[in-house]
Amino acid sequence: MQMTRRSFMGSAVSAAALASMPLESFAAGRKILIMASSVDIPNFDPHVATGYAPAMLFRNTYDALVRVVGTPPEVKPGLATSWTVSEDQKHYEFKLDPTAKFQDGSPVTAEAVVYSFKRIVKLKRGPSWMIAGIVDADSVKAADAQTVAFDLKAPFAPFLQVLPWMFIVNPTVVEANIGSDDGQAYLLANTAGSGPFKLGRVLPGNMYEFIRVKDDWHQGGGNLEGAIWKIVREASTERMMLQRKEAHIALELYAEDMEALKDNPAVVSVIEPEYRTFSIKMNTAKGPLADKNLRKAISYAFNYQSMLDAAGPAELMVGPLPTGIFGHDPSLTVYRHDMDKAKEYLAKSEYKDGGFKLSVMHATGYENQRRWSLLLLEALKALNIELDIRPATWPDTVAAAQSPDTMPSFMCLFQTANYADPDNVAFAAYHSSRNGQWQNPVYKNEEVDKLIEAARVETDQTKRAELYKQFQELVIDDAPDIFGLLEKRKLGFGANVKNFVFTPVAANAIELLPLSLD
Amino acid sequence: MTSTPTTLPKRDQSARLENWARAFYRFRQSWLSVIGLAIVVMLVAVALFAPLIVPHPEHVAGGTNTAARFTAPGADFWFGTNALGQDVFSLVLVGSQVSLFSGLAVVIIAIVVGGLVGAIAGYFGGWIDEILMRITDLLLTIPSLILAMAVAAALGTGVTNMIIAIAITWWPAYARLVRGEVIGKKEEQFITAAKALGASWPRILGRHILPNIMSPIIVKASLDMGFAVLTVASLGFVGIGVKAPTPEWGTLLSVARADMPDYWWTAVFPGCAIFLAVLAFNLLGDGLRDVMDPKARR
Amino acid sequence: MILYTLRRLILLIPMLIGLTMIVFAIARLLPGDPVALAAGPNATPDVIESVRQEFGLDKSLPQQYWAYVTGLVQGDWGVSIFTRRPVFEDIMTFLPATLELVAAAMLIAIVLGIPLGLAAAVYRNGVVDYLTRTVALGGIAMPRFFLGLLLQLMFVSWLDILPLSGRFPLIEIPPEGPTGIYTIDSIVAGDWYSLTIALQHLALPAFAMSLSPLATIMRMMRASTIEVLQQDFVMTERALGISNTKILFKYVLKNAMTSTLTVIGLYVSWLLGGTVLVETVFDWPGLGLYATQAILSQDFMPVIGVTLVIAMIYLVTMLIVDLLYGVFNPRVRYT
Amino acid sequence: MTLLDIKNLNLSMRSFEGETQILHGIDLKVERGEIWGMVGETGSGKSLTGLSVSRLIPPATGRYLAGSIEFEGRDVLKAGEKEMRALRGRKIGMIFQDPTTNLNPVFRIGTQLVDVALHAGHADPTVLGLEPGASSRDLKKAAKRVAVEMLDKVGIPKAAERIHDYPHQFSGGMRQRVLIAMAMIGKPDLLIADEPTTALDVSVQAQILKLIHDLVAERNIGVLMITHNLGVVAQICSHVAVMYRGRILERGLVTDVLKKPSHVYTQALLNSIPTAHTKRGELRGLGGVMPEVQ
């Protein structure tokens, strides 16, 4: 109490100074990049956590065999300086960089790579689904100290594309803290990587500090001394921080923010197309929406133009795959707002007169999803169907996806491609083995499954494209989703941030190494 | 320096009338209370008739007009439009329904539950009192907003769940109040008389004690109405409120945060509505307290 | 009085046990399953089951409670199912920020509220009186989150003289010290630069939060001063020539403080539980944000932990208020 | 010089219902050594007369329509607040009715006594037995000493210890003694006692009256004793003024007035006192309606 009183008196004394101190002086001098994002990093384990905020942490504190850079995404050397692929696309060999060192100084060996992949396969969490059925515990071998050999269970076209998400951990550190859960408890809050940055201050739900590792093995790179991942709850706050130079990068901006930033010379807006799709999943297994004609009627009743208006920079999806990705067919005939057709299909369905109530679940606090749910409400009203809009937290959404009984009639979902291959979206969102997971709670069509499986292992590009074309037509006819839009990635950069290269996969997982601050 | 009138008391009926007249006179003395009452009456009228009188009822039901996004306040849209082109004026007006209804429901539930617990504890005393009041005291130590948020979040969004969540944290205060009043009244002569005549305890509580302790309850309830409206808005603001498209002030404000500072009207009008409603109930409550509970006068 | 304090402290123990029971019961009886979240979006059912076992959530409620309470006694407040960090450590990280905010708000409220309330009572129906009453009425009715937004609009967007949010600039190293309360730590360290910055960040949230207690303290002070001024002893004091200033600031103030003191005590805990909103608006890294995060992810342990901490602070505050009450009012006996 | 000379005092009070004239031309002279009893029913204006002498009626509610109150030749109605403060506690002491409410409950009685003594001492150090121009440290020391002496004088046993006690630690009679000590500590020339014994037990009443009587005799001061109790008047007063509805109906030596009341009201007042001879059911009230004073 005594102290606080003194502090109050201090405030009276320094009141003049208080108003006159320039706010920019905070940021002067040190080359520390501040990223403002609404997404927390609750878990630091690269073999457990998912999402772009953790991905950002992994990309900068860990290394993978290869990296992915640019538009279209290109595979570049990471820990591996070179690699070879066998004719049948089942055998891969990677030569590791002999200078690569973990942050504790020990070299990154082939054994470490083998250890990491075994851990991924064993835990069955995090990125393991990307290589499920392709890589198992026996597939990875250390040919010598600097060479890793993979023998895939089946040819897998996007194999190199998924490798950037398979991070290599330091076996010595993990083994020393192995516990009873393969070191999960330890890696949850600690890192054991070879990346150019290490963790500094950690305030969960608030901020994470990254510090550039001194004398580190990575070549090149910018002048950053460190970086901060700052959790900000409102997009408008992110934007204001950017305007006030309290942040250098704002990661989740809305169209309105981009509009406001347009003429600001101190801010560079990045609006780029990305393989990030928004769609409204329907419960095809239970309830009225199991009726395909009703699903089609709703797909026609939805006002896609309003959706686009409310979204800002975006483009409507053409079918289930993101536009521009390999195999996507832009000439597909898809559903557009057409009330006549909607009525026509409604008449064909078992629910001609409507008069019942459906429900939609959207992410709490995600403004665009809320807006689109309202548009869905309008569309359904035209079919005399009521809609119950339920904002849900992420755990609720995940829990609801577990079975057809818990799944609401509609679920709003964003999906970001982790690798630039149609298999990513097709397998994760439409293959029935993923039922019960949030990306594909209930949809099941054996023909679709077969096409996905065939395309996954097909090595001939023409044949592969043909398979995906069939897949798209089939899925559109089934109408398991209202295919929404591809939201353009909207990023804001301070003009003094240099050397940023946009990559349309997990674009907010900023790679810090190349960046510089003026 | 006090003096008592030496005139005989007039007949009972007219005395009661005169009491009311005096009470009303005292209430009118404070123009702030009158303003409070006027705003409350207006709010209730708005809540009742809003769906019929608002210019854009379709927006209230969730309709959108994305062509007219972020129109500034003007002749067409008095309070401007939001990100979906919805008329903020219509949303704010209809938003009064949720706020007032939930506020009222919370207060009523709290009075019924708290009143029952408090009356039983106060009337019977002893170990019943001890147990009930210990639980009440414990609940009073729990931070109510956090508790309400936790309960509302777990139950899921929706007006009913929100009301339940808030009411859970509110009844203990009424239990305390009623218990105190019942203890004060139960020793009085007329209660002893009723007991002697063999009246059962629910009858004594309901017919004899309750009517005599209504004043402080009504005063607290009217003050609490304001805070209930505020709490409803607070839950809406942190994102645990009503389901869309139901317009609710706190939710409107929370959603509008994303549009600050450029589209200030989307936030300012719902905010002012909350302020006005809470203020009105506070003024009314203050006025009622002066009238009904002179001991507690400011 | 020492004996009394000891007795009260011992009496806290059964209250705390009851409290843990109630809070635990409420938290666990609510629907919602955090395990799916903790296991991660791509977890298979058997992984989810293993997480459930890991956190002991497969056991019966009494067993879970017993495990929790025995842990509590040993300083183990459980682990967040979401971040898997120990709750006690997290709370200790976030508590100072909240305490700083609440203390600053209460300080503003007391330092302004008591003299203004006094002045309003003395110059009843005067300008000060009407001004303070208007502010008081508005202050109570003003939603803190709305006020916070308006303050940001004014002082940050338009005037641009104060920082938007946060507690300290991200790239600066906050003052280190024993309390974790930046203003105090920087004073202890004699670091005036840090103090200025900390105060700049504190100003708006503290003010947004102080308005409601300020209004109440002002009203309470005004009401009790008016009541005390009508007491017979004031007339006696005046009749025997004691100056008005002395009557007011010595004799009346101490009397009027007793009821105001209770209000102050109640407000401390009320503010602690109500920081959620202001912390959300100003991105103030305190218990409120921590609790909100946990509530939204249905993460029991942090919610229980925060609730317990706030309830404990409440109980201790009320004890201090009771003790102070005796200082202001000699008629109170500690038995 | 006449100690207190009230001439044609007219006072009106404002309340919710409007302005009412309370005092209608009060005339009264009090000399040193005289104990004037002012009797009348509740609301007759006797208390307001007493308060007027110290000018303690708030100007917002009370308005003097006419008249003057001369204390030692100066009209207090024309005096400034500072001048009045110099009189209060030093020249004019006051005792009020209820000893439980007239002591500040949250301060030690010593504190309260010393503050009054200091006030008087600042105006006139001789009151505390000091030379004029004494330092404030000496004043404080003397004030404490005088406070103990005064407590002792009014009959509080172990005064030096009890000075550290709070009012609630005293009985009603003892508290009234403390209040008398406070009123007398500044060695006033005029004591206004407003119903000083009404709230006390009968047995204590007599002791308090005797205490007041002895102090008056010792210091040769004038007293205005406001009471509704004719018994009190008979016991202690030298003179009496009978008030009714803001007017003095009759005044004079106690012996004269009480033995041969000339006014019917005084007679009625005397008759209303129950004596040992009053029969059951004979208790008489007074007719008429008093003006209401809030």
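Here the chain labels run A, B, C and D in written order, and each chain numbers its own residues starting at 1.
Operating definition for what follows: contacts are C-beta pairs under 8 Å (C-beta built on N, C-alpha and C of every residue); 3 or more make two chains touch, one makes a residue touch a chain.
Being a predicted model, the structure only gives us computed values, none of them experimental.
*Asks:* Could you let me know which interface, C-D or A-C, is made of more C-beta pairs in contact?
*Replies:* Between the two chain pairs, A-C has more contacting C-beta pairs.
*Asks:* Can you name the chain that lies farthest from subunit D, using the mean of each chain's Cα atoms as its centre?
*Replies:* When every chain centre is compared against subunit D, the largest gap points to A.
*Asks:* If I average the C-alpha coordinates per chain and also across every protein chain shown, which chain's average lies closest to the global one?
*Replies:* C
*Asks:* Averaging over Cα atoms per chain, report the distance between subunit C and subunit D in Å.
*Replies:* About 51 Å separates the centre of subunit C from that of subunit D.
*Asks:* Measuring centre to centre with CA averages, how many angstrom lie between subunit A and subunit C?
*Replies:* Roughly 38 Å separates the two chain centres.
*Asks:* How many Å are there between the centre of subunit A and the centre of subunit D, using C-alpha atoms for each centre?
*Replies:* 88
*Asks:* If I count partner chains per residue in subunit C, which residues reach a count of at least 2?
*Replies:* 32, 157, 280, 296, 298
*Asks:* Which residue numbers or ranges of subunit B touch two or more of the other chains?
*Replies:* Residues 153, 156, 239, 257, 260-261.
*Asks:* List the residues on subunit D that touch subunit C in their complex, please.
*Replies:* Interface residues on subunit D, with respect to subunit C: 54, 56, 85-90, 92-94, 96, 98, 101-107, 112, 115-116, 119-120, 123, 166, 168, 179, 182-183, 186.
*Asks:* Going by the contact rule at the top, pick out the subunit C residues touching subunit A in the complex.
*Replies:* 32-34, 36-37, 39-45, 47, 54, 82-85, 90, 93, 103-104, 107-108, 111, 156-157, 160-161, 163-165, 169-172, 183-184, 187-188, 192, 195-197, 199-200, 203, 280, 283, 285, 289-290, 293, 296-298
*Asks:* Subunit A touches which residues of subunit B in the complex?
*Replies:* Residues 61-64, 66-67, 69-70, 83-84, 153, 156-157, 239, 243-245, 255, 257-263 of subunit B touch subunit A in their complex.
*Asks:* Which part of subunit C faces subunit D closely enough to touch in the complex?
*Replies:* The touching residues are 231-233, 235-243, 246, 250-251, 254-255, 258, 328-331.
*Asks:* Going by the contact rule at the top, pick out the subunit C residues touching subunit B in the complex.
*Replies:* 15, 18-19, 22-23, 26-27, 30-32, 137-138, 140-143, 145-146, 149-150, 152-153, 157, 219, 222-223, 226, 269-270, 272-274, 276-277, 280, 291-292, 295-296, 298, 303, 306-307, 310-311, 314-315
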